[in-house]
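Have a look at these structures, which come just after this line.
In the two complexes that follow, subunit A is the common piece, with subunit B as its partner first and subunit C second.
What follows is the complex of A and B.
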């Protein structure tokens, strides 16, 4: 078995181990850990688009909301039918939740395909604008669908998300993205990033590469959304607005575009920072923003990026 | 339409525009198999535009491009590469964050035959031994000349029938320019590879090519065997410095 597969297996075992002992962990810490995990999934998947492939998407929260709403809808409307009035056994619940998450992920991927196919033919800033617009459109749609709670959002989502699911999907996300970019096929993402014209000249279909990256990222954003909804038990359209997208983009930039390890560390740091600053509540956002500015001034190539920067062409 | 069969590539009445601005108006030329043909001309004459249109990076407004009896005019770039036309773009566009080895591997992107890839790699190393020394180095850290060698090597990995070179002398140390041009001749002579060369350095281009087309503001103004054009008084005055 090749090494990355071993890592994946080991991570899944660790995830299971942690979740086994989760009742001994402080609930607040567990909450923060869950938040970190969800942000890692979001940031690592967005890094595939914004980092490795060199595109600029500003709509990650939009895909997250598609996943969150669809997965929550499956749980709310279908759980009584499938699991019966008593809620089913742990295994039945787990399987059902996996189905709900995948529904959310695949719907987000579908949305990614619909947005991606026309807009990824464009180069540069246009994609940022289109994805930005998509995020807003999707928010307005969810705000106006009465069946999904409208502006009040969806409440009473079953709390299926456990630390096991979060850690397991963190592992799967990192595994997928790493294997994808390190494969022969995946070198095409880096080539598209380095030089689109040269990539086309050696025979790459760069549009297809961009779409694969975009749809894969959307899928994992959808999974993260599903986990988020079943963790908070309530979701509102405003929870997935533009600021959320920016937050994820900041993690990618701070971690160093196209550097998975850096992006993971940045996601951990940026989730922990507001928590650590909680005691000085009034100054929290001020310090948070100041730190961000300072970090960007000191390390514009990304906090944890030690690789060669993009050489001048 | 009847295409002369001895010609590998025939471009007929090609017209290309950037928005409202015409870059090529009614350009026709052809390349016979096994020859080095050059397009020369000043800045903005349309040389690069012609190459980019042939490789599908740009769309022609009208006209035809025929390669070995097949019409390429509306094909996307990756399908044109698959037919055997490899383009070395202007300014050495290599993948700077990938290693030399990975850049070469990208060149063989459409090639599925492993043995053939290994064979092509050895061939590239025999022409540019320098690349073998720098195999694991990030391509962005190579010198300008080495990057140009890599760009040509990468194109050769694609197993081309026609190699198109866009300004291989651009921004390279003079000493290396002659090396690279010698290699171009070598590739053509020893392996019979057909080459379409775009070059601002007209003197150099006429020295190594068999045939030349002179472009001026999107039109072919002169065409003939290169040795003949070298002594053409008009051309001498305009491009070769008297």
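What follows is the complex of A and C.
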């Protein structure tokens, strides 16, 4: 068995182990761990677009919301039909939740395709703005769908998210992104990042690579959204606005774009930071933004990018 | 018909404010080729300067209002120059993406420092200009709307004059065309860029005060939406193009007001972004912009 697959298997076993003992862990710590896991999924998947492929998307929260809403809708509207009035056994519930999550992920991937095909023709600033625009449009649409709660948000989502699902999907996300980037096919992402014109010249279809990266990232954002919705049990359209997208982008930048390990560390740090800084919570965003500016001025390759002396632009 | 004209009027006065903000985006893009995300927060700071000074001048007088307007414009011009000097200048040769991220950082810093300093709760903007409603047949024109349109027109012509007729304006156009060649003929690029930021930020401050007069509730995050929309206006008209920014702003304001008055009113906020996407896909150079081919 190749090494990455072993790692994946090992992580799944660990996830199962942790969830088995989860009733002995302090609920507050479990909550924080769940938050960290969801943020890792978001950051690692966005890293595929913003880091490895070198495109700048500011609409990740939009895809997250698509996943969150559709997975929640599946759970709310279909669960009574499939699971019966008593809610079914643990296994039935798990299988159903997996289905709901995949529905959310696939719808987000579909949204990613619809958004990506036209907008990935643009570059840099323009791409950032168009993705931001799409993110906002998605938000406005959810605000207007009364069936999904409209502006008030969707309540009463069953709390299916357990630590097992979060850790398992963290493992799957890291596995997929790492294997994709390190495969022969995946070199194309890096080539697109390094020099698009040169990549085109050697016959790579860079547009295709960008779309693949974008759709994959959107899929995992959708999964993360589904996990988030079934964790918080209530979602509102404004929870997935521009600020949320920026938060994810900051994780990717802080970790060093195109460096999965760094991005994971950054996601952990940035989820823990608000918990630790709770006494001075009102300064949190000021610290964030100062950090961002200082980082770009002093260490643009990211905080956790340890390839010394090999600063990528 | 009356309703149409009334909406058109409301739309134009909203569009005039978008135009003022869009000018700042367009000018900075013209000389530095990057989106100054922090511009929308300079707009917010302008409104807050107006709020604090507004309590120290006699209410509802023309000279008091103009005094506040001028002071806010000067304050924001200084702020713009400060931001440029401290943050953007060290990054002048950095990749676009880094500058973009930094600009987002500056924007967040201004917003959240604003929340700390001014408080997050919305405030009511004092009526610094005298207000009255004029009736033109069945139409109602408020003095604030007239003020917005006239201030915008005056500033637009002043800007046009500076850019086309003065020495510094010529230098700005030279830097925008080719910064290296400009410095070769002895133009001080740093000064020109600084001046551009000052000018753009002053326009944003004027926009902020006029916006606050028409929608008299201000808070530290008030700049986000108008800022994004003004940016769309700048792209719509062709980024880097001053008349284009004005045209884009007026068009966007009008369209948005009409959508707001129809049964689609809840989709009002999405319209600007839909326009943005359509324009970038079909005519990325904007309505008045020139199309340039990317060179290797």
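The rule is short, and it goes like this: the second predicted complex is superposed on the first by the 288 of 313 C-alpha atoms of A that agree within 3 Å, B and C clash if a C-alpha of one lies under 4 Å from a C-alpha of the other, contacts with A are read in each partner's own complex, and residues count from 1 in each chain.
The definition used in the following text is that a contact is a pair of C-beta atoms (placed from the backbone, for glycine too) under 8 Å apart; a residue touches a chain by one contact, two chains touch by 3 or more.
Every value quoted in this text rests on a predicted model; they were computed, and no experiment measured them.
Of the two partner chains placed by superposition, only subunit C is touched by A:285; subunit B is not. In the superposed pair of complexes, A:299 makes contact with neither subunit B nor subunit C. In the superposition on chain A, contact is made by A:197 with both subunit B and subunit C.
Applying the stated contact rule after C-alpha superposition, one finds that A:29 touches neither subunit B nor subunit C. Once the two complexes are laid over each other on the shared chain, residue contacts for A:136 go to subunit C alone; subunit B is not touched.
When the shared chain is aligned, no partner comes close enough to touch A:5: not subunit B, not subunit C.
Between subunit B and subunit C, C touches the greater number of residues of subunit A.
Of the two partner chains placed by superposition, only subunit C is touched by A:122; subunit B is not. Residues 197, 313 of subunit A contact both subunit B in one complex and subunit C in the other. The touching residues of subunit A, when paired with subunit C in their complex, are 56, 118-119, 121-122, 124-126, 128-130, 132-134, 136-137, 140-141, 143-144, 197, 242, 246, 249, 253, 282-283, 285-286, 288-290, 292-293, 296-297, 300, 313. Listing the residues of subunit C that touch subunit A in their complex gives 34-35, 87, 90-91, 94-102, 104-109, 111-113, 115-116, 224, 228, 231-232, 235, 266-267, 269-270, 272-274, 276-277, 280-281, 284, 296.
Interface of subunit B with subunit A (complex): residues 55-57, 76-78, 81-82, 86-89, 91, 93-98, 102, 105-107, 109-110, 138, 140-141, 151, 154-155, 158. Listing the residues of subunit A that touch subunit B in their complex gives 184, 187-188, 190-191, 193-195, 197-205, 258, 307-308, 310-311, 313.
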